[in-house]
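As written, the chain order gives the labels A, B, C, D and E, with residue 1 at the start of each chain.
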């Protein structure tokens, strides 16, 4: 009899509780804001095993905040600044590098940081054949704070690998020492294999590092870090806690931005969102170069695409400006000269040969000319190949990457309008970056990065001529791709023939700036003239930061700090924090801590700030009750007719 | 009659497998358990019995929608189980059925014309559309739906119960059958129209020469139909015929205790008479489960006259006076 | 019924029926598992390849060591012909071993991942199911009471339209409006960092808050279906003689509502309710994806995008088993609830 | 028999509200029932006899309204009573046995609960008392109380269900019992049993009974008075002996000769020509005139008044009107 | 066919067909307000799908100002871009229009295949009974236990399809089961009716019994389920495009939704809200129309209502 009543009561209660608690939530948070908390996103979900082992796939990284490298890499100037290392000596003659470590550094479990830990980490990197071991043959512990590297191959990239790329010290000896010793002693590949398997299965208790913040916990929605009190530079750090909510999608990041729930992040924003976020009184957005962009890759397996004229024609059809706009107007800039050299260093490397370079401004009539020259014919607005078939190309981009997909759609439309039949395919991204699609060369046109996150041009040319994700270009762009660039006839300001692959390798090892420039210019000219790929637009990183909560370094004067966020925004944040560039904004944090009741705090806060804040800010005392009632009233409204019905 | 009967049923048995509850175990219901009778050419044979006695199953077996478990059905002297395919089809066409429920017997989505034209087309009785219309109109007139034009394009829901039953009869006779199994044709019809339907069937017997197996639970209807058409009545109980005789003989002079009980229970539309009557009281009102029928005479559990022999030996159907057969130990001499 | 004469005799057929029903369930599971194995196996994309690419791009390894590492990290990826894989999969399935995930911290047993995710889905979808069922029944009964009226026909159309609005649309709108605009509810995940998981009030409150929007989305979409079926069922019951007769007997309307209309009208909905419970693990992909809720649906989405074959199979099989079991339970319970079946009509 | 009129129906009109307009299911019916008598109401399907019963109980289906008239029960007009007052009378004073019985019991609760809830609904909360009463009545009706009370409806045969319903209607020993086709759809022998039980019950309790049926022979068997209805109209009423010996109304006559019974002359039996009228567009004048062999001009034009040709014997037909 | 020799009967046949299939349904739908609204909406989409692409220019990027909101908020309104423009200045209305035939194709294919398989399996199982029934029911129930949406997601990656027809077929693969089971139970109940037995006794052939006796009683049910299957297919396909699981083809509401949400920021920015809402409204309106249409479909095949109208 009464069962129905109880069900009803239970539902009502659940809803009332839900709405009541939800309304009180912001108040509780406001109260806790006495400790300075910074929000930036993370992408880790807590799953049962191996999240803390730095050698396991999908482990929790947190470089720059929890873990540190030997040096900070100023990407803009290609300079290295001491971090875990205090100083270093590159001895070319002895083929040795000596690194002096910082003293007073502690692991988060309280153990002292020594050279042994560097050795351990590097031995384990050896186990996984990390690139640094292409350049060095051994690592030696000289004393507690000195490490010596025996260099195998002297290269301009040494500092990059030794101090930055493979210099993240993640494995303290007291935990990983046994593995490192095994590696040092190991004789055969099978032994190494066993160690690898063992190491991957190893489950440490927590994420361990030496950085300014200590890993506290991971929940289904967040990772929480707290300030490490024994950090050597702890006095300069004024942030007590960093919370990294789990966000994997841009669109969700924007929503966090809008509501002021993030303090620092780099989600790519389309113009509409960018404009809106910039208008927020508490938000600031600084754009830096991502040091990468996207390019069309021509597959040389396709007989028509082997013809330079066809590649050029396609380049002339594409409107780089529009494609960049489609990919995301505020985040992409069209390439001026498709050479592979990044814009930020364009003047430095190719400033004096620009007149010899082709910008490939959109020119359909030129494209038509080129195609006709190549034997193509146009009938009813459609192009036919010299052997009379419809000129049809497949265009493959990774499905989940909406900016690329949007750009690819625009390119497809442009090519279709021009009369080339292009079929756009969007396989799932994990499948795209595998031998099923791009890496297996299964496409006519595809997208790839160019620039490769380094201002020194070697990385870009390496990706163009040598390998992508350690797969040779012959696998990606056709068996005879290399043949095309073995004997390249130079033109413009240069003459003679060169081997593009050899030039690229040369660029890696030479230290002489003049020689570097000459080599890079030749390679840039080759790319620009022979179009192995066609770079279209460069990406820009939009760094969002909350100026209401924190004070940040001025982008005008400290551009290099912001530019460092390219390829590692958390690391840049860590660097800014330990150097005291990020300070809590007293007007925000002190106001909160001095006022007794949190409710009024939020109120005054919203009144002081602009009107936009009032609308979106956290709940005020008066609106709380109204919100509590909201859902309850809705439910009640739905039930009233029923109750009335029954009474009859 | 000297002619071979048009239908002869010999020792027919029909058992149905039945699942009891959801918990498995298959039992067999002996719906018809050894029934023999014949329908004379242009004659009437009536089966009377309470619900569940198996009378409908007999009818459905004769028209061929239920397969007999044992026994034979002879059509014009020929065993129907041994007919060639064409002969069997011919037999099926010649034996038609009129169902109890005129609401369920007509496809609600088809007009009267569509319902009647389909069998005519199937058997090539009428071919062109005009021919079909003519023939259908003829049929409707024959069953008393006048004028046919008023009914031909109507859907079943636009007709009254009596009119529907007439359409059903028209459909049954459309293929010129020899025999019609009339399975409770008036039970669902309004009281005031029932005799009309019976009269129509009798009229068809006269005019077209149809024979009937008339199945009913209503002694009044059985009497009316059989007596007017000169047929006999058989009373069924739990899958068996317990008494057969000419119509009036069964009504006026029932011999089997079961028949007696039934007939004495029928209400009479005469207040004085009905108040004087003393219905035969049975030992029990519960019909035994057909899954587990009593031994011996199936009626012995309820029969006020039962003796020891009744529970042991099953009485056979014997002629006790000319044309009057009873299956009861009381009359076995 | 003479079952009482011998207790054992009475239960034998039940036992027999149960065995038969169980056998059918097992056969169904077998075929469904087999079917999904081959479908998933037919998916393009080698899981080892996906792993290699991850190593190369995220950890800067060279291809060969990435390959050996991938193979080392994934010793569980069976080699050999598909048939061989199938058999070994079946055998380990029988042992309760669902294989190992390659996408989530490679090497984590799928079982562990499922054990982590299932409670969240049960919480969200389970309570949403119960809430929507309860509300749906209330609304449906109300509509049946006024069936034929303007309100009823309006509501009938309204609910059919609501029912056809895709759940991702509802979830998105709720997320944007209540999560970000009004900030009434948290938008992602299952609980906040400032609470300690366990049986304590702040944690429970926090979990409920996080579950609110996913539950609400589900309820909005599904309540209409229940309301409409309940309406139909109640209208049928309202036309039954026993309702009229109960009214004539002067039974109080509450009694008629509960034990006459309620009981008899809910019975036919019961089976589909049980089946919905079975399907709840597979039915929440969109909602869990949108709210980043760490349930089975999200796990499945991740598994598919990462080509995590065994994780996918694990989720599929959990759903299949859940569906079959809930159908089995529905059959048994139906027998218990409905006397007509319990006592063999 | 006493002359106290326990129920008086006056000019009762009940409408079904259909999409095509109101349908008078009961049209201007007046009669009275004397205490202790069995009154049989006979009519074909659609004659409005069940509607009449439900109207007396004020428990009409949806979209059905009492349009006009009164139902006086002990001098109180039931039509005007509030729902609460009506509930006092319903079941305690007037109870009802529904037609068919197949589906009148809740399939999901036990028989005993039907008794208990009915008792509870009318203020008797003593379970034991109700069960005792139920057992007593059931014994009177030849039912085994132990077996029946603790079973579910689907476990009972049709005859048993019908008897349970009668028992249920008797627990308050009502003054007036309305039986709506209690024997239809039952086997002949069960029909006979139910009729005998009702007679027996009547003899013992002297309650007043209104017996509704389509079978005129059953009326002859059980009733003291008879009311003949056709298409919502009262055609003829009177003492059962008088009416059956000497039916006056052409419809009554035709109805009697259309029943194939066991005693009558089969050659005199014939059906009534034509079919039932459409009640939304009824024929003008006497509603039976299209099927009446005696119909004359006036029948088509004017509705015949009810004429009492003998005390207690009323006929609505122009043949007997003095006008 | 046979009737050709008689000219008058042939024209009569045509007249009857027109009467049965156009005039009477038309009258019924016209009587039913909901149905009429539904039909108008459905026909509107059909018109847009068939004719729209010939009237409206193919969507072109950079033909209007990016993020231009719907003209209705502006004065004077812009007739050129009634629904505004997306993030690269493509007319949204044109995208909706060019997406319509694709969505309709998916819906139609899914509806047809679901209906055909469902009806075939259900009819066969219900009509034949016995072993055939056991086997078919068994298969259907096994397929039913496999979760629907996940199966479609996996299959779509297996088949890697870009054709709307194939996507429709893919969606139908799992969805026919429910229809098959309910058709089966309906056939079982129709089989019990006396007119089927009468047809058998009259010697009617099996195809006549199935097509002429059973089918007309199922047709409204089938028609309604066809619409529901179509509605479900729209929902599923758009959802899968939104999840990004189906390969992106040029114009499709799901792709629009995906792009609007992820690329243009429709969920986060007011400027792009119209782009986000346009496909949602297109879906919801079409679904509403189709659902309303089912109310009329039920009546179109009901002989009671047919006779009331004619």
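Here are some notes:
Rule of thumb we're sticking to: a contact is a pair of C-beta atoms (placed from the backbone, for glycine too) under 8 Å apart; a residue touches a chain by one contact, two chains touch by 3 or more.
All figures in this text were calculated on a predicted structure; none of them were measured in a lab.
Hopping across touching chains, the smallest step count from chain A to chain C is 1. Per-pair tallies of C-beta contacts place A-C first. Geometrically, the chain at the heart of the complex, using CA-atom means, is C.
The mean-CA centres of chain D and chain E are about 53 angstrom from one another, to the nearest whole unit. Averaged C-alpha coordinates give centres for chain B and chain C that are 54 Å from one another. Centre to centre, using the average C-alpha position, chain A and chain B are separated by 88 Å. Averaging Cα coordinates per chain places chain B and chain E 50 Å apart.
Along chain C, residues 44-45, 175-176, 180, 255, 259, 305, 343, 345 each make contact with two or more other chains.
With touch defined as above, chain D holds no residue shared between interfaces to two or more other chains. Residues of chain B that touch chain E in their complex: 60, 63-65, 89, 92-93, 95-97, 99-101, 104-110, 115, 118-119, 122-123, 128-130, 154-155, 157-158, 168, 171-172, 175. Residues of chain C that touch chain D in their complex: 1, 148, 240-242, 244-252, 255, 259-260, 263-264, 267, 338-340, 343, 345.
Per the touch definition, chain A reaches chain E in the complex via residues 249-251, 254-255, 257-258, 269-273, 275-276, 322, 325-326, 328-329, 399-400, 402-403, 405-406, 409-410, 412-413, 417, 423-428, 431.
On chain E, the positions that touch chain A within their shared complex are 60-62, 66-67, 87-88, 157, 160, 162, 244-245, 247-250, 258-259, 261-265, 267-272.
If you check the complex, the residues on chain E that touch chain B are 3, 6, 9, 12, 193-195, 197-205, 208, 212-213, 216-217, 219, 301, 303-304, 306-307.
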